[in-house]
Amino acid sequence: MQKIGVFVCHCGTNIAATVDVKAVVDALAKEPSVVFAADYPYMCSESGQNLIKDAIREHELTGVVICSCSPRMHEVTFRRAAASAGLNPYLVEVANIREQCSWIHKDKAEATEKAIILGRAAIAKALLNAPLIAGESPVTKRALVIGGGIAGIQTALDIAEAGFPVDIVEQKPTIGGKMAQIDKTFPTLDCSACILTPKMVECAQNENIRIFSYSEVESVSGFVGSFTVKIRKKARYVDEVKCTGCGLCTEKCPVKNVPNEFNLGFDNRRAVYIPFAQAIPKIAVIDPDRCNMLKNGKCGLCSRVCEAGAINYKQTDEIVEEHYGAIVAATGYEISDVTRYGEYAYTESKDVITSLEFERLTNAAGPTGGVLLRPSDGKHPHTIVFIQCVGSRCVLEKGKPYCSKICCMYTAKHAMLTREKYPDTEVYVFYIDVRTPGKNFDEFYRRAAEEFGVHYIKGAVGKIVPRADGTLDVQAADLIMDEQLRISADLVVLAAAIEPSKTARKLATMLTASMDTNDFFTEAHPKLRPVESPTAGIFLSGVCQGPKDIPETVSQAGACAAKVIGLLSKNKLTGNPCVAHSDELMCNGCSSCANVCPYGAITYLDKEFRMPDRTTKVRRVASVNPAVCQGCGACTVACPSGAMDLSGFSNSQIMAEVDAICR
Amino acid sequence: MKYLPTARLDRFLEDAAKLRKIYVPVDGEQNRAAYRLWMPGTVVSKALNTTRSAKDFFFPQTENLVGFRRTEKKLEIVDPRRETEDFAVFGVRACDARSFSILDKVFLSDPADTYYANRRAHGLVLSVSCRRPAETCFCTAFGIDPSAPEGDVTFTDDGEGYYVRANSEKGEAFLESLSGVFDEADEAGEKEARAQTKRIADRLPLGTLPLEKFGGGKTKDLFDRPEWSSLSESCIGCGTCTFVCPTCQCYDIRDFDTGREVRRFRCWDSCMYSDFTKMAGGNPRLTQKERFRQRFMHKLVYFPENNGGEFGCVGCGRCLRACPIGMNIVKVLKTLAEDGNES
Amino acid sequence: MNKQDLKEEIVRMSGSAVEKCMRCGKCSASCPSYEDMEYHPHEFVYLVEKGDIEKLMASESIYKCLTCFACVERCPRGVEPAKVVEAVRLIVIREQGMNRLKPDDIPGLWDKDLPQQAIVTAMRKYTK
Amino acid sequence: MQVNEEFVPTIVAFCCNWCSYAGADLSGTNRLPYPANVKIIRVPCSCRVNPTFILRAFQRGADGVIICGCHPGDCHYTTGNYYTRRRMTLLFSMLDYLGIERARTRVEWVSAAEGQKFAETMRSFVKDVTALGPNRRLEDLRCRKD
Amino acid sequence: MQERLKARARELLGDGVVTRVLGWKKGEFSYDITPAVFESAEELERDFVFDGFCGANLSKYLIQEASKPGKGKILVFLKPCDSYSYGELLKEHRIAKENVYAVGIPCEGMADADRIRARGIDGILGIEHEGEDFLVHTLYGDERVSVKEALAERCLSCKSKRHASCDELIGEEGEDVPDDVRFTEVARLEAMTPEERFEFWRGELSRCVRCNACRNVCPACSCENCVFDNPASGISQKAAADPFEENMYHIIRAFHVAGRCTDCGECSRVCPEHIPLHLLNRKFIKDIDELYGAYRAGESEDGKNPLVSYTEGDVEPSVVNERGRA
């Protein structure tokens, strides 16, 4: 026989003003199996909690129903109180008679009647509560960071700093990401490489960090605390251990005409190359598509000159299997394709470039040694037009509906730096809105306009026509003047939208992490859990979650690291015990549940059953991993046989509540 | 001997309905005939038989037995029984008419089932002889004469009307109070009508069945026959045969909580269901073979054993038409009657 | 038609979501008839959104649009300004009995150098 | 208690814990009234709502059943409400096919921030169900209140 | 055709490819055919039958038959619509495929004895196929019925003569049949007023005796333990003690098989009360096709059914209110 205690809270006058608390106590005391019922002004106060604890002990209660504020408010408090009195915390039910009763109803009789019904429903549910014990699972104390840009680097460094081993997987031959290609950073204008490369070196030197460069994640299995990840180390054809990064192979390589990705194709590299001088790891890599030796076995020059004997044309991809407790997605972004906007003549003129290309053209380590020259003829440009929102805020199929966030600031930076270095230039910026929320951001933009004389024009560019004389005829609107402008420009810079890495969706599928329609990873909660994926154990760092600038990326990377450290510092993970469970005697093994599980928490086992006629039979049955299950209940409805049920919200409990309400 | 011309059937029913509720077979949706309360305008079905048997009148599919009502922490017991009105069922065929005597042996033997007894006491069976038996009819195999059905009153159909004869005091009294609608007739006509039916009945393909191997005392011969496996292998374990059967009488007792009251009711159960004999300790009939065997052994061996040799089947043929997989008592009988000496 | 009905009618006819406009002006930047127009494509969108449509109806700008659809092609918000211009033009023409000109305008356009046939046709058309 | 014999429907509202239940709390916090005959059952996610729960409510005397969840795309469990949407669309269509009044069932997406919407939704739902009168087509006569 | 099937079965038994044959067995009359397992050529010769009355869908028996340990492979004959049920069961991992040898066989539609009876013909002793007609011998003389008039409803609205899953085909592979009549009856009901629909279904469902034949025969209802038999489910019922329970049982049963039902029509065939249960399942099929794109359960052994998948742009449940309310 169950013994239920009912506790009705006045919440001062919050409840008592519209609900006759005494009447509720009297009515609920008459319910069968209720052995104790009391009210108290503040049930959540220490003395209120003591009332509950004493009653549990004195009446040997098997269940507790508290009629009070929303369970979202104090369920945890009351559960803890019950636990301290020796009652399993999951035997506590809360009837919400404040937010969902006293605060919305004015008529006292009506509100009291409803409070009684809500109390009865809670009792009906409490009678079917089972003591639940949260499961535990071990934590592998190693983290994986996918992506070696500034987001990944910072996350890895912070985790490593806390004493946990971290692996970085980077698909390119070097870490560094986009930040390595940027010239200067806003709003301070310090040199990007100067602040990034020390961090890259730190990564290489930190004992807790391993870098898998030129590698990709092949598969992910497992769950929070114990993921198993297969990493494909692509063949570099260079022995990582032996290579000293001297660069001799690169010098001697006869294939000289490979467009250099790092400089966005403005200059060439060799078939064997090191992406840039400060690359980490500084190990050469052979481009198998261009190397003569790999293509047709004719050359082998690099192998002959390499004193370390590091060249190995027979190298193949290698799959490494590693175990992790947490995984960080830091896959960053790419520049969206501007060729889809024919009006900007990007494909027609070499002098229409993207902002990232502009970065390389102004970078001292870039193809022009930092001198701004027109890509077409290498001449000094005099009139430069910057166009904002190219592809951003565009709801058409080819565009991105979101604001790329960083373009206003880097365009201001570019315009300012151009005017500073080349005062003879006229610089125009066509903007729709200038968005500068950020510390010292607006001041920075205003400086560009006020001190450096950048012409900011509110309006868009309609069309660019390359002229025979090498100039670009820019046709634009000036909305303030209400006139159509024509500018004859020497160089046009497009602030192209940024988009998530093309690899992100494939990765998200492997991680069972969710994504939005733009392929940005979804956070567990947009406000309160911005660096976690809804999938436990998966964390988000940097632009893969949404557009952001470097300082934001670094702070998110740190926040992400803190979450990872928090996870890895635990020896065991305690789960939410309100998870699904399958009755294997009823399970058909049909896979319906696994098909709807957003967490991949359900696997199937072939299990041997003793049949009623004393034979045995092997049947496929579902098994829920309680560490992965988050307790949504989607599987319980998908299951036709009713084998799947959810602890804490069982079928019978919900139906008992329905019955009590409709009684 | 009384005679009721078909043209006067409506008047008879109208007069009868003034005395008691009267139920008649009516053609329903999808060519299903079913018993309905007669009201002016109701057309009596010409179908050979109803889809469901007439046992529903005395042993309905569900019936409330008792209720429990809770007031605060006390429990009150509620008796749901109300005074039953008198009623009559018209159109019962010989097979169903015989089924009542089988049901009586179950429900009226000591201790009598008061719910059933109450309905029997208030009900009047007005049976009608068959004129066009179907190929699935095999009542004759069980000694039932389709031309002379049992019942409180027998209506012998001659194609143009009915020879009416009372077989019980209740029936006598009923006819007495309705004497105005009948003509007087002699028994020769009735005899001729019966003979007509008999001539067809003699040609029924299943009219005689090899029953010698069945009946009381045959448990040992039949229980372990290997044929049970192949006979039962296609059985899907539904309850169709038992629910259309006029003599199946198994039921389950369940509780239903209405929110204000718990109602204990009984409802038909089927020995074909996997949970039929499920008990606290398990289930003694583990496979469909055992459940299947039970049904036929009960009808053909156990029931006669306990009831003076009367078989528990009346040969109405409903199960032959209804079984989803075409298995039935006739096939079982014929298969088991073949050389069964090996076991 | 009142202001609101007029706006709804234009939105219905054009199928254009004027409220999606983010005021970038790309339509006007792309417009080949910009110089000839009193109200420019972005202003069409803006004024329709505001419900200030009489101004547009009274303006010659409605006849300046070449319906080249450059603005439709380039509008990043899918607003389709040319369809808005077309809708305003249609409203005006429908109000005038399917005619570009009002009868009262004719005397002002009278020119003795006009071809005879044009004068006769105009007389026939506008004296009905 | 009320003297007039006006029909007051019994309404069961299933609310997901993360959005709609919180939205209901918010309408309380903001003192936005809705009729007291709406009783809320908390479920972890709208996808926890089994069609049998809905039928059960009608069986036991509910006159209307409403399911509230996070807006599609905002599900705390990422995809739960997408399944709810399909299941309920098909279930409601089936109920309609059986001749059950359409307005007795509804799905609404209410976020944790939409206290106002929650109250308005409940008011409009109660109004619709009240207009239909008592549920007679999908009730269990045994459970009918005397 | 019967002889071809027999010959092939004998061959496969003889070669040891299979140890048993799942087929149809002769009955007392022409129409009461029973599914049966044949283990020898003699049994086949004596009892195997394949004619216009072999409506029973054999696929569900494979759940049991293919899981009998040490029994080897079983040969099964699948008509096109049965093959979809088989495909769906494979997809749901209910049948051990390695223990089945599925032979697809053509089907020109299966007759239903009750359709013949509905024409006032009773006392049926035997039925012979004569060209376009059935010659029916009865106790009361011979009668003639066109084959088409004797076909079961499901065969008149056949969805496909093409097989979904099978290892071998006997005869020519057929083609999909356009869905022009399959949904006519559903559409007719949809066009009614809610009151008319309610009356229609009340009239039909009130005849339900809860014999469970529809469920037990249904290849999609293959649960180890049905919710309606499981007292712990809270909805178990043994009888339709109230009209509500008739509705509950049939709604939930249709819902549980939604997206999985192959429209084989067995439920309606076996119903002793002739309730058109397939109209419930077909309603779901029609809705799924209209709202989520054409989908045919059982067609493929992999992929997700529409009830366990979604798209972000799915219609809202309020579409139900908008439909038919132009």
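Letters are used for the chains, namely A, B, C, D and E, taken in the order the chains are written, and counting of residues starts over at 1 for each.
As a convention for this text, contacts are C-beta pairs under 8 Å (C-beta built on N, C-alpha and C of every residue); 3 or more make two chains touch, one makes a residue touch a chain.
Since the model is a prediction, treat every value here as computed from it, not as a measurement.
Peer 1: Chains in contact with subunit A and with subunit D: which ones?
Peer 2: Both subunit A and subunit D are touched by B, E, going by the contact rule given at the top.
Peer 1: Which chains make contact with subunit B and with subunit C at once?
Peer 2: Neighbours common to subunit B and subunit C are A.
Peer 1: Leaving subunit A out, group the remaining chains by who still touches whom.
Peer 2: B, D, E | C
Peer 1: So which chain is the furthest away from subunit E, centre to centre on CA atoms?
Peer 2: C
Peer 1: Per the definition at the top, count C-beta pairs in contact and tell me whether A-B or A-C has more.
Peer 2: Of the two interfaces, A-B and A-C, more C-beta pairs touch across A-C.
Peer 1: Closest chain to the protein CA centroid?
Peer 2: Chain nearest the overall C-alpha centroid, as shown: D.
Peer 1: In terms of CA centroid distance, which chain is the most far removed from subunit A?
Peer 2: B
Peer 1: Between subunit A and subunit E, what is the separation of their C-alpha centroids in Å?
Peer 2: Measuring from centre to centre gives 48 Å for this pair.
Peer 1: So how far apart, in whole Å, are subunit C and subunit E when each is placed at the average of its C-alpha atoms?
Peer 2: Distance between chain centres: 63 Å.
Peer 1: Where the CA atoms of subunit B average out and where those of subunit E average out, how many Å apart are those spots?
Peer 2: Roughly 30 Å separates the two chain centres.
Peer 1: Report, in whole Å, the distance between the mean C-alpha point of subunit D and the mean C-alpha point of subunit E.
Peer 2: 36
Peer 1: Going by the touch rule set out above, which residues of subunit D reach two or more other chains?
Peer 2: Answer for subunit D, listing residues that touch two or more other chains: 51-52, 56, 60-61, 73, 79, 83, 87, 140, 142-143.
Peer 1: In subunit B, which residues are in touch with two or more of the other chains?
Peer 2: 256, 259-260
Peer 1: Which residues does subunit A have that touch at least 2 chains other than itself?
Peer 2: 596, 638, 651, 655, 659, 662-663
Peer 1: What are all the touching pairs of chains?
Peer 2: Listed by label, chains in contact pair as A-B, A-C, A-D, A-E, B-D, B-E, D-E.
Peer 1: Per the contact definition, I'd like the list of subunit A residues that touch subunit D in the complex.
Peer 2: Contact set of subunit A toward subunit D: 70-72, 96, 98-101, 103-107, 109-111, 113-114, 117-118, 121, 514, 516, 522, 525, 534, 578, 596, 598, 630-634, 636-638, 646, 649, 651, 654-655, 657-659, 661-663.
Peer 1: Would you mind writing out the residues of subunit D in touch with subunit B in their complex?
Peer 2: Residues of subunit D touching subunit B: 60-61, 140, 142-143, 145.
Peer 1: If you look only at subunit E, which of its residues touch subunit D in the complex?
Peer 2: Listed in rising order, the residues are 186, 189-190, 194-202, 227, 233-235, 241-245, 247-248, 251-252, 254-255, 258, 280, 283-284, 287-288, 291-292, 306-308, 310-312, 314-321, 323.
Peer 1: Subunit A touches which residues of subunit B in the complex?
Peer 2: By the definition above, subunit B touches subunit A via 70, 72-73, 257, 259-260, 282-283, 286-287.
Peer 1: Within their complex, state which residues of subunit C touch subunit A.
Peer 2: Residues of subunit C touching subunit A: 20, 22-31, 34-35, 40, 42-43, 70, 74, 76-78.
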